[in-house]
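Each chain carries a letter (A, B, C and D) given by its place in the written order, and its residues are counted from 1.
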Amino acid sequence: MDFASDNTAGASQTILEAILAANKGSVPAYGADPYSAKASELLAQVFEREIACFLVATGTASNALALASLCPPWGGVFCHQEAHVMEDECGAPEMFTAGAKLIGIPGPAGKIAPQDLRAALAAFPAGVVKQVQPAALSLSQTTEAGTLYTYAEIEALTSIAHEAGLSVHMDGARFANALVALQCTPAEMSWKAGVDVLSFGATKNGTLACEAVIFFDKAKAANFPFQRKRSGHTFSKGRFLGAQMVAYLEHGHWLSLAKTANAHALRLAEGLAKVDGVRFAWPRQANEIFVILPGRIDARLREAGALYYDWSSKSFAPGVSPPGPDEVFVRLVTSFATESADVERFITVAQAASG
Amino acid sequence: MDFASDNTAGASQTILEAILAANKGSVPAYGADPYSAKASELLAQVFEREIACFLVATGTASNALALASLCPPWGGVFCHQEAHVMEDECGAPEMFTAGAKLIGIPGPAGKIAPQDLRAALAAFPAGVVKQVQPAALSLSQTTEAGTLYTYAEIEALTSIAHEAGLSVHMDGARFANALVALQCTPAEMSWKAGVDVLSFGATKNGTLACEAVIFFDKAKAANFPFQRKRSGHTFSKGRFLGAQMVAYLEHGHWLSLAKTANAHALRLAEGLAKVDGVRFAWPRQANEIFVILPGRIDARLREAGALYYDWSSKSFAPGVSPPGPDEVFVRLVTSFATESADVERFITVAQAASG
Amino acid sequence: MDFASDNTAGASQTILEAILAANKGSVPAYGADPYSAKASELLAQVFEREIACFLVATGTASNALALASLCPPWGGVFCHQEAHVMEDECGAPEMFTAGAKLIGIPGPAGKIAPQDLRAALAAFPAGVVKQVQPAALSLSQTTEAGTLYTYAEIEALTSIAHEAGLSVHMDGARFANALVALQCTPAEMSWKAGVDVLSFGATKNGTLACEAVIFFDKAKAANFPFQRKRSGHTFSKGRFLGAQMVAYLEHGHWLSLAKTANAHALRLAEGLAKVDGVRFAWPRQANEIFVILPGRIDARLREAGALYYDWSSKSFAPGVSPPGPDEVFVRLVTSFATESADVERFITVAQAASG
Amino acid sequence: MDFASDNTAGASQTILEAILAANKGSVPAYGADPYSAKASELLAQVFEREIACFLVATGTASNALALASLCPPWGGVFCHQEAHVMEDECGAPEMFTAGAKLIGIPGPAGKIAPQDLRAALAAFPAGVVKQVQPAALSLSQTTEAGTLYTYAEIEALTSIAHEAGLSVHMDGARFANALVALQCTPAEMSWKAGVDVLSFGATKNGTLACEAVIFFDKAKAANFPFQRKRSGHTFSKGRFLGAQMVAYLEHGHWLSLAKTANAHALRLAEGLAKVDGVRFAWPRQANEIFVILPGRIDARLREAGALYYDWSSKSFAPGVSPPGPDEVFVRLVTSFATESADVERFITVAQAASG
């Protein structure tokens, strides 16, 4: 019953087998191999346009490199105050941008509201020398609260950003989970809605270690190869990144994996919704569930071996009262590798504990 | 006939199978898994002492993180003027150290001589505020010229460095190839000879993407986890790095791989030594051969499909005349995956061309 | 009627004359001159203990260098969310620390409350690798709201910080104004209350361009000379910094200057308090006044040639309603060079406009 | 007899008086004052074209900020291997550029020869990802050897640089001394010869602390205000920088000061040339003399109270034998403040010691 994260899972067997299949003969190093070329081709198809894309092994690298391509050292990146780039990367964006500032915007359920973005931008008029210069907006899809921006919501935010001269980054660590939940196309959830650079996550959804940074405006990618190299993120045996991404994308494998993960979360959420005393911090939308558990249920679940993290947030929606003294706020994550039996058992234990 | 690099090869089948075998169930993320623990244990055994070690995916990350743990932003790292950290990492050490300076020391055959290290240090007396402060010595084993430092040579250099208050880093991208060539122990080639931090390379010798940064003085490693995280080099699915390193080390697999690579290089060198007009820039010692080829031989080899890089160097030994107008200076690299038939064919073509 | 800032004033004539007097003969460069030595001696006397101190020319340099000596690149600096280091230095602390993160704490009247510091620290438990590591607390005295921490308040905050392993920096850009307002000793307002490193401002209070970074723990200053040099803040003709600081401190000149500035602010505040419709955002405590003016009064003052800045803040105290649609929120600053006639005229114009 | 440096002198009395004269009333802060505006206007006149210029207080700031505007973090700056930016700024260019690499080019008498620049550039072909990207050439005028580039020499180097896509910076810490020695115009010695950005030094030639960074292509200056601010080099009381520069330039004061300094050096060099055993490392061209003194003469001079620095160099011209065991290599610098009596006495002591 491991619901701690979608990265406590291993990798999709299909993807690992693709790695083995790629282990033949010699091919050029540093990404000049046919597997990486094929990955680029597939990503261009998936996103229905010409792109510049780069494979890296971690989400932190993907985000930090993307932001460094959009924001100078004296710039500011606007993001939700609980965004992963803000809170969970030990200052990677600051390192890669050589000292830019992340400016946190509050908002319920992990989401930035248009009026709050406008207010934040108003505090940073361009050209005021004493302040960092507004350079980029970073949106997380799914958000840190497991919630989703609709197409219209993304479009509203990117329009505001573009009008103010900012570029837009999307942290898509769980892009696939969002996509299958929203039932839109990759293009709609990214460049058609105004995203300039996308961290296209894959590791949480089944690769061993592979993510793509995708530039919809190729001109913005000109310096990326140098930044990737000097940050140590250019793999010598690039074929193994390429092979992962190819297997991830071919035959809609990535979408299947995400649908599985989301389906487990749906079932788990539905089950927990019927348990007395369990409250949802936000509605479940993809593969993460944020619930406030009565202490007794939490205790029984842990005794039964369930794994998950305690959580905290400043993003409770109006109307949701924060966890009380006898409650525990937790995050539950499902993945492609979650087993249905674990989901059912979790619900059963919770149900029993509430009795 | 691909002798371009030891990273145009794939990975050892044994290691890839270990990755598949590790793909079971859920384990804690970010390196807190049993595979990574086992890797640490094996590395401690291999090096015969307590260590602090960290797995990363690329050699550039390994070197840059190691140097950043030894050298402050206002510090200087002494290295051979043609070292990989100096010339081939697009400024990674500068990025990770936040702007330290690499100070190149000349020397024949890619090696630093004790008197040249002393002279370089003499130009940076500690405490002179206008200069960067001497902080570390970085040695490459094997060197960029494919040559080796003996135990005594390493010890002589590390003693000078330590006396001057510097820490010593070894770039062991081809540590295994050096080790089997010198027939000494890992401990002798590192901490017993005075090395403080080792970039223990494995990717060029058969892993998919896995290197270890090894601290022999654990105190120096205190901040490494934060630096690794913020540079995006902490893998979420750390088990797959752990599994690679375990398979690499178990049953002496790493030594077998390196012996194979070196044996191919030996055979190739012996064959080329008999070809009229072929001159060796330096003696072959591990798995790299640096030869000056008559233009005609070079042309025939390339026609026959041989792959290798043109090279250049400021490190020709006294007595070796640099390439003439009808000569081409090239590097040939063998790996665990090199095929004997390719070696023989290369020699045959060269021989025929010289006739 | 220039109340825009205390840096629109020139310098104290006494201090400029000291610069001229120091212009005799040749003396060693880079701070090894007798004037700088004398400045160090006087600062040690003023602070009643052994110190390590360094002269620089700007407050931004002083703060950024101080923070860089306390906080590693992977560290976090806690400060008020409207602190100068947070909002007004275009990312200088981020540049000098090589990418550390500033963590803003809200609080009324520009001040951090102990419980809010505790809450902020609780969100950054030491050793959590994904987060920046808590490294320093930076307090501003006077605050950005022109208010003051009492000795007890400083001591409460520094105790919490020290218990959590943080060092404490004080941004004393208006240290003298605070000191004469609180009627305590420099030692009490700094190291006796737990401050480790002080940005001892002097430029706003009468020097041409001279500030001191003062380390009460000399060990923390070991690397400062290198950081100062590589950031371009080591003056070659150091005598002119030394001479300014000596003249600033001798005969209590600095205290006289600050008393004058504060007295003007007191008179201005008293005058405005009697004007109908003028509201104080916070009580005046030193040489800055933050008032909410009826639009009509603001208009008349500007017509009459008064200079001052519009202001904005998230720090309104409970009980103070934010500026309404017909009100303007402004900051008025007095200095040693303010003329009483301007103060009186400002009050008269405001009074007349309110009639 | 202080010949240690041109920064052991004080400032020109004329310039200090201008500072006092500027101490009237209140003016806008941060460089928006009339003195700074006047300085810009005069600099534009002096350089006979539209420029963007910025005043800072130190030469290190000036150089590092200029280079940071021309070179990205993954770039390389080509300079003489003994250039001030390379050896004497404790890594300031690396800090300000966020980790760019300085690439030293050898050359006799502190000068870069065209063929050596070509060779250095050939080793950094654009687009090779593993290497830093060639971004800028930095020339020192006068050089670290006190020598001068002629117009034709500058033009030859800047042409090579521009063809290769590099921008050109000139470190003009002793620009005035070079100018009066070459008897050309400021425009000829800078933009007419292909210089893009100039560090226009003034401190060594008589200001208290004031230098100008001058962009001949204003577009390159767009981000300079932010870089200057975040590095702490924007003075609040900017009028005092402006006043210095105005007084420096008005009535040709700067040229008079430099002529005086150079004349002292000429007299000193002529005097020493007649002393038996004194050898010149390079010909004197501006206000610095590099001589190899017999040990006995050196000893007598020091006994007599003469101050100067021991020197070392890798730039001895062919034909000049390096200092022997009984010789001392030293640098002598004159300034506007040097006294003729000291020059004569120095010659007399040397003469007597040689007898």
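Everything below uses one rule, namely that a contact is a pair of C-beta atoms (placed from the backbone, for glycine too) under 8 Å apart; a residue touches a chain by one contact, two chains touch by 3 or more.
Treat the numbers as computed from the prediction; the structure is a model and nothing was measured.
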Selected pair, greater C-beta contact count between B-D and C-D: C-D
Farthest chain (mean CA position) relative to chain C: B
Same-residue or different-residue interface between chain A and chain D, half as cut-off: same
Rounded Å distance, chain C centre to chain D centre (Cα mean): 35
Cα-centroid distance, chain A relative to chain D, in whole angstrom: 51
Chain B-chain D separation of Cα centroids, rounded to whole Å: 41
Sites on chain C at which at least two other chains make contact: 30, 73-74, 89-91, 94-95, 98-99, 129-130, 132, 226, 229-230, 234
Residue ranges of chain D in contact with chain B within the complex: 73-74, 87-91, 94-95, 97-102, 123, 129-132, 312
Chain B contact footprint on chain A (complex, rising order): 2, 4-5, 7-11, 13, 16-17, 19-20, 22-30, 56-62, 64-65, 89-92, 94-96, 203-204, 208-209, 226, 229-237, 239-240, 307, 337
Residues of chain A touching chain D in the complex: 30, 72-74, 98-99, 129-130, 132-133, 223, 225-227, 229-230, 234
